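Just below is one structure, and these are the notes that go with it.
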Amino acid sequence: MKQSRTRSLSILFQFGGLILSLGFVTVILLLVDANPIQAFSLIWQGAFGNPTRIANVVVAWVPLALVTCGVLVTFTAGLWNIGIEGQITLGAIFTTGVIRLFLNTSVNPALVIIIAMLAGVVGGILWALLAGVLKVFGGVNEIFGGLGLNFIATALNIGLIFGAWSRPGVASMSGTEPFPEIYWLPTVGSFRFSWYSIALTLIGLVVIYFLLQNTHFGLKLKAVGKGIKSAYRLGIPTWQYMMLAFLVCGLFAGLAGALQVVAVYHRLIPAISSGYGFMGMMIGMLINYQAIWVAPVALFFAALNIGGIQLPIIMKLDSTLSGVMQGSLVLFILLMQGVQQRILGKK
Amino acid sequence: KPKAPAEEPAAPVEEPAAPVEEPAAPVEEPEEFVFGILMVGPYNDRGYSQAHYEAGLYVEEKLPGTRMIYLDSVNTADRPGTTPAQLGEELVAQGAKMVIFNSDDMKDDAIEFAKNHPEIFVIHASGDTQWPDGENYIPLDNMVNIMGRMEYGKMIAGCDAALHSETGSIGYLGPLINEETRRLASAAYLGAKYCWEEYLQLDPADLNFRVTWIGFWFNIPGFTEDPSLVAQEFINSDVDVIISGIDTTEGLIEARKAAGEGARVFSIPYDYIGACDEAPEVCLGVPWFNWGPAYLRHITNATTGNWKAVFEWNGPSWEDLNNFDTTNVGYLPGPAVDPNAAILLESFIDELAGGLNLWAGPLNLQDGTPWLAAGEFATDTQVWYLPQLLEGMEGRSE
Amino acid sequence: MSGDFILLGLAGVIASGAPIVLASIGETISERAGVTNLSLNGLIIFSGMMGFWVAVETDSLFLGFLTGALVGALVSAIVAFSSITLKQSQVAVGFILAITTRDLAYFLGNPIMGLQGPIMLSSPIPVLSQIPILGPLFFQQSIMTYASIILIFLAWFWIYKTRPGLMLQGIGEKPSAAYVRGANVGRMRYFYTILGGTLVGLAGPLFTLSVKAGWKGTITGLDGIGWIALAITIFGGWNPIRVAFGAYFFAFLQWLGLVLQSSWTFIPSQVLQVAPFPLMILTLLLVNLGNTEWVARLLATLPDGVRERVKKLIRSLRSQAPAALGTPFERE
Amino acid sequence: MNIEFKKINKHFGAVHANVDIDFSINSGTIYGILGENGAGKSTLMKILSGFIQPDSGEILLDGQQVRIDSPADAIKFGIGMLHQDPLDFPPMLVIDNFIVGQGGKFLLSHKTVIKEFQELQDQFGFALDPYTYVDTLTVGERQQLEILRLLWLGAGVLILDEPTTGISVQQKEKLFAALKVLAKQGKTIIFVSHKLEDVEIMCDQVAILRKGQLVGEVVAPYNINQLVEMMFGKQIVINEPKSRVTDEIVFELENFSVEQYPITIENVHFRMRAGEVIGLAGMEGSGQDVLLRACAGLLRPVSGRVIVNQKDLTGKTYHDFMRHGVAFLPASKLEEGLVPELTLAEHFTLVTEHKKQLFIDKPFFQNKTKQKIDDYRIVGQPETPVEALSGGNQQRASLSMLKDSLSIILLEHPTRGLDIESAMYMWDKLKERCAGCTSIFFISADLEEIIRYSDRILVFFSGHVSEPQDSSKISLEQLGQMIGGKGWDRTLTDEETYEAISHP
C-alpha cells in the first residue's frame, strides 16, 4: 500500500518534470517568435506522418537503442562510459577496414558483411577495454580516459578518411568511397531500414533486459556498481566484472557503429558516431537505468531527431531545438526526482 | 516534364509512397514549381551556404510561380542519423520537384537520390559526375552539375593580394587538401605571381606564397589546426595579406585585430559577396559565388521541358564581374583596396577578360615535375584534377 | 625561423590559452569545493554566444563579458542547486547541461550568425611592454589575457595562502570537519561553484569577442574546448599553477602543429592536434599509478633501497583529488 | 559556563534517540555521560554543539536560553566538541588544521600562530610538530590537536565523545591531566563514555542515559554495580564460553612481514589450530588490522609465507583465500561488508554458489533468505535493502552470509556498536562454528571481550606483535599495560601455548 503510494507520487513528479520541460521549450519558442503548438505538431508529423518517416525514425532508433543497452550495462557497474562515442567510431572503422579488405575479392558478400560486423564489434570492444584497462590498472577515471579516447578515435577516423582511405584524389567530408551495393545490408523495399538491424536490436534489448533483471551476472554487476569494496568482500571478482561491463558496452557500441556502416551510410563518414553515445547516456539517466524502458524512450528520442527536420523546412527554425527538448526533458525529470526525494525524505 | 525518366534503367526500385500520397497537391495554385535546396552549412552562414540560399531567393523573384524550400546544416555532425538522400526525400514530401545538393560532400547521396527518384530534377553543385570528360562520369538523365569557375576569382584575389603586399609574403589559409582546394590555391598563386611580376615588376623570387592547411572547412578543436593561430602565425612571419580558403572568417578577424593594433595586414575572405562586412577596414575584396543565373536557367528548363543533363563549369561575366544576373563567379573589391592598386587590379581583370590564360606552360608541379610544357595550356580536366600545388608555392600538397 | 617569430608565436599561445585558463581555473575552484561541474563544454559555447550577442547589440565589450559571466553563474547555479540542495548526481546533471546548453546556444544563436561584433584588442602596458622577451610575451596582450594571468596567481594565492582558501580546501576534503569549524558548507559550495562557473562563463566571450572573434553557430570552433578544459583541470592536479601550465601546454602544441606542418611532412597533421589527448591520458596514468593496487604489489617485490626511491618518486607525482569531490554533504 | 538541558527530544525516523532529557551541568566540573551503545549520548552532545538540532527542548547557558543552530553558533557560545572520530583534515599540515576555521587576519601567517601554538601545547606537555601532516599522527595526537584548537578558539565548554578509545595509556594519562587543569581554570568538561573505569577516575558527577532517557545522576564516589545496573537496566549475566581447540593446524604464518604505511610488522611466526579463537589486542592503529587483512590476502606480505590448510597461499588474492575456506568480516558494514541498495535476498543470491546457472531462481533464494532471517533472528524482510537494517541486524546479516564450511573467520570488531545482548548472540553463533572446527581470528578494542572469548591473544604495540598469550593466564591489567607498551617480557612460545591448551 505504502509502495503503491510512493509509486504514484513518483509518477506525479515525473509528469511534473515533463510539464516543466515542455514549458521551458515553449518559452524558448515564444522567445524566438515561433508558434509552439505548430512546432510540436510538426515534429510529430515529421516523425510519424508517413511510412517513410516512420522508417527513418526506426533507422535512428536502431543505433540509439543498441547504444543505450550498452550504456545500461556500464551504468549498472557504476561506470560513466563517456568513451562510448569513440567505441562506436572504432566499430565503424573496423567494419569499414574489413570490407575494404575484401572489396575486390570473390568472397561471398554476405560472409564479408558478417565478418565486417564481427570486426566492428571487436573494434568497439577493444576501445572499451582500453578505457577499462586505464581505469582498472591505471587508476584513470573512465570519464577522462573515455573523453581522451573519444578525441583520439575521431582523429583516427578523420585521419583515415582524409588520409589512407581517402577517395582517389578527393579527400572529402563525404567520407570514404561508398561500397558496392552487394556489401550493403539489404533494406526493406524502398525504406532505409533493414530487418537485420532491427532483429539484432531486438535481440540486444531482450538480452540486456534479462541480463540485468534476472541473471547472476547482472546482479553481480549491480553489486559492483553499488559498492565495489563490499562486492569484492562478498567474493565477486570486481575488476573482472568492470572489464566485462566495458566489454559488453563496447560490444553494443561496436555493433551500432558497424550497422551505421553496413546498413546506413555504406561507407565511413566523419561524424559516424553521430552523438548517439551521449544521447544513449542521457536516455539511460532519463529511464533511471531500467532496461524495460530503453526501446520506447529511444524511439521517442529518435522521433525528436527525425521530426525536428521539419522545423527548418517549414518554420525556419533550427533543428537543434530537438536537442534542447531532449536535454531539458532529462534535466527536469532528474531535478524533479531530487525534489521528490527532498520532500518525501523530510516526512 | 523531363523526357528522361522513361529511359531510366533503375525502374525496378519501388517508389517510396511518400511523394505520391503527400496531400500537398489538391488545393494548389496552378503549377507552382517547388525546388528544394540542401545546404551543407547554416543558410545564414555568410559563406558558402548563404550564397546558395540567396540564389534560391533570386530564382523565386525572377521566376514567378516557383517557391524555394530548404534544409540547412545538412551534415552528419549536425543531423545525426540522417543522410542527404533521406533529407532530399523530406523536401520532396513538401512538394519539391527539384532538389539541389549544394556540396561536393553530398556527391554519393545526390547520385543515390537521383537514381531512386528519376522523376525529380537534381542539381548537384560542385559535382563532376555528369562530365563525360571527367574521371567520375556516371550518366544520369535527371542530374545537372554546376560549378563556378572560381579559379578566376582566386586569381584576381591573388593579384589583389600581391598588389597590396609590401613584404611579399602572402598566406593562404587552406581547408583540407583535395583537387578542388589545390586548384584554387594554385590559381591564387598564379594570379599573385602574374601581378607581382608584370605590374609591380618585382622579382618572383621575392614573392613568398605559403599555404597552411587547417585540415577541414572550419575549426574543430582537437582535430584541425586552429585557423586563428594559423592566421596569427602568418602575421607573425611577415605575411601581410591572408587569403582565406576556408568557410569561416578567422583570416579577416585576425587581420582586423592586427590592424587595430597598428600593423598593416589585409585579408581576402571567400564564398559570399557580403563576407567583407565582418571587417571592412582590412578587406581587400572577396571572390564570391553567384549561383542564381545557373539555377534560374536550369529551373526554367525544368519547367519548360528543356531539361538536359549536363556538366557546367561556368565562368564570370567579364562585362560586369558583380552583376547578379549574368555572372557565375565574381570578385567584389573591398573597402580597404588602395586606389592605385585598384587601377592595376582593373587592368588585370581586363586582361583576363581579354583571354589571358595563366594556366600556361611552362609550369611545374611543386615537386618539380613538369606539368605544362612551354606554350601549352592546361585543359579543363587538367585543371580540375590538379595533382599537386605548383612549383614556387610553399606548403603541403598531400 | 627568427627569434622574433617564435616570441610572437608564444605570445599568441598565451593569448589563445587565456580562455582555457579561465575555464580550467574556474573548474578547479569549483572542484576544490567538492563540486564537479561537468557542463563546461556547453557552458562555454552558450556563454560565448550570449556574450557575443549582447556585445553586438550594445557595441560594448564590457556588457558582452558581463553577460557571459552571468550565463556561467546561472548554469553553474543549476549544477549547484541540483547537487547541493537536491543531492542529485553532479556528473549526471553536469553532463546533461553540457549537451543541452550547447544545443540551446546553437538554437538561439541562429539569427546572429556572422554578424560583425566588437573585438577586444591588445592593450600593451606602457613601460613593461618594452622589456625584451618578457614584454612581447606578457605585456602586449589584451586586458582579459592579463586578467587570466593574474587569475592564475590569485587563485593559487587564495587557495594556499589565505584563511578562506584554507577553508575552501577543507570543504572539498572533509565537509563535516569544515562544518564543525563553523563553515556553512552548503552555502560555500554554492558560492564557489557559482564563482567557478562565472569564470568559465567568461571564457565564452573571451573566445567570441577576442580569441576566435565572431559567432558562426556550429562551425564557430568551440565544440570540444570545454572537455579539454575539464581534462586540463585534472591534469593540473587542482593546483592553479599546474592547471595553467596544462592550458598553455595545450595551446603550445596547437601552435607547434601548424608551425611544423610544412617541415615535418612525415607526420600526418592530425598527430600533433590530437597529441594533447594521449599525453593527458599518460599524465593521468602517471599521476594515478601510485594509487593502484598492482603497483603497490609490484613495489613490494622490489629490494628495499630501490623501493623507497621509487615510492618517493610516485608520491611526488601523485595528485590527489579533493577527497569529498562529487559527494553531497549531509549533516546527519 | 553552566549548562542546562530542558526537555530535549530527538527522533531519527522510528528511533527516539533523546527522550525529554532534563538536567544541568555546573562550570568547573568534569561531568560524565554514561550509557550503553545507542543510548543517545552522542546525539545529545551533537545537539549541544550545534551539529544537529533537537526536535524540541531548550538549552540554557548560564541561565540564558540560546539557540545553537550550527557549530558556528556553538563556537560563538564557547562550546567545543571533540567528536568520536576526529573531524580534521588528514592531508593538511598540523598547523593549518589548527588555523582553519579561526577568525583572524585574511592572510595566513604561520609564524605568529606557531609561537602561540607552542606555548599552548607546552601547558599540557603535548609535543606536536606543527609542520607534519595530520595523516601521520596517531589518534591520540589528533585528539590533542583538536583540544588545542578548541581551547585556542576560547572554548569554555569542552565536550569529549569517547576520547579514550584507541589512544595509548601515556596519552590517556596526559589527556586526563590536561582535562583536570582545564577544569581548575573553570572550564566545563563533558566526558562521554561507556567505560566505567575512566568515568570513575575523571568525573565529579555523571548522568546515565538508557534508550534515550535520562535514568539518573550520580555524584562521585561511585558504586560501580549501581552504575552498571543503571546503564543496562539489569545485571548482566555473562556465560563463560568453552574452548573447543583441536590439534589440527589450519593456519600458519612463517617469518611473515607486511607493511602498510605507517605500520610495519616484521617476522611473525604463528600457528592456529582448528576451533581456536585468537584475539588481537592493541590500540587502534597498532597494526592488528594490518595483520588481519594480510591474513585474509587483502594485503600482500613483504616476505614470509601464509599457509592455510597446508596450502601455501602467499601472495594469493583474497578470493583465493576464500576458496580455501577463509572469510573476512570487516568493521564497517556498509562500506566493506554489505552492498547498499541491494536487498537481503539479493545478498544471499550473491553469496550462494550457483552451478553455472545463468538465470536467478528467485523463489529459491526468497525461501533461503527467509530461512536465514529466521535462523539469525534478523529484523527485516527478504526485500529489505540492507542500509535500512539497524547496525545490529547488519552485523547479523553479514554473519549469516558466511559459508557453512569455513576454516577460518577473520573479524574486525565483531561487536562494535552492538549492545550487550546482540554481542552475546554474535558470540554464541561464532562459538557454534568453532564447534564445527572453524577457527576465529578477531580484533576488538574491548579488552574484556578479548580475554573472555579468546583462547590465545596476540598483543600489538606500534607494529610489534607479541608472542601468543594464553588468555587464561593474563589479566585485564596486564593486557592493558601491554597494549600501552609495558610488560613485554612476559610471553609464551607457540609450543608452550599449544601445550597449555591441549593439556589443561
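Residue numbering begins at 1 within each chain, and the chains themselves are lettered A, B, C and D in the order written.
Convention: a contact is a pair of C-beta atoms (placed from the backbone, for glycine too) under 8 Å apart; a residue touches a chain by one contact, two chains touch by 3 or more.
Just so it is clear, the structure is predicted and the values come from calculations on it, not from any experiment.
Participant: Can you figure out the chain closest to the middle, judged by Cα centres?
Facilitator: Central chain is C.
Participant: From chain C, which chain is the farthest off, judged by mean CA positions?
Facilitator: Most distant chain from chain C: D.
Participant: Per the centroid of Cα atoms for each chain, what is the distance between chain A and chain D, given in Å?
Facilitator: Chain centres of chain A and chain D, defined by C-alpha means, are spaced 48 Å apart.
Participant: When the C-alpha atoms of chain B and chain D are each averaged to a single point, how far apart are the two points in Å?
Facilitator: It comes to 77 Å between the two C-alpha centres.
Participant: What whole-Å value do you get for the distance between chain C and chain D if each is reduced to the mean of its CA atoms?
Facilitator: Chain centroid spacing, chain C to chain D, equals 43 Å.
Participant: Hey, how far is the Cα centre of chain A from the one of chain B, in Å?
Facilitator: For chain A versus chain B, the centre distance works out to 36 Å.
Participant: Could you tell me which residues belong to chain C and also touch two or more other chains?
Facilitator: 110-111, 224, 270, 273-274, 277
Participant: Which positions in chain B touch two or more other chains at once?
Facilitator: 42, 73, 77-78, 215, 217, 222-223
Participant: By residue number and range, which residues of chain A touch two or more other chains?
Facilitator: Chain A, residues with two or more chain partners: 151, 155, 158, 318, 320.
Participant: How do the chains pair up in terms of touching? List each pair.
Facilitator: Pairwise, the chains that meet the contact rule are A-B, A-C, A-D, B-C, C-D.
Participant: Which residues of chain C touch chain D in their complex?
Facilitator: 161-167, 169-170, 173-174, 176-184, 296-297, 300, 320, 323, 331-332
Participant: How about chain A: which of its residues touch chain D in the complex?
Facilitator: Per the stated touch rule, the residues are 210, 214-217, 219-220, 222-223, 226-227, 229-237.
Participant: Per the contact definition, I'd like the list of chain B residues that touch chain A in the complex.
Facilitator: Residues of chain B touching chain A: 13-18, 21-22, 42-43, 69-73, 75-83, 86-87, 89-91, 93-94, 103-109, 116, 135, 176-180, 215-217, 222-223, 385, 387.
Participant: Give the list of chain B residues in touch with chain C in this complex.
Facilitator: Listed in rising order, the residues of chain B that touch chain C are 41-42, 44-47, 50, 73, 77-78, 210, 212-215, 217-230, 232-233, 236-237, 247-250, 253, 256-257, 260-261, 277-279, 394-396.
Participant: Inside the complex, what are the residues of chain A that reach chain C?
Facilitator: Result: residues 28, 31-32, 80, 82, 134, 137-141, 143-145, 147-149, 151-152, 155, 158-159, 163, 278, 281-282, 285, 317-318, 320-324, 326-328, 330-331, 334-335, 337-339, 341-342 of chain A touch chain C.
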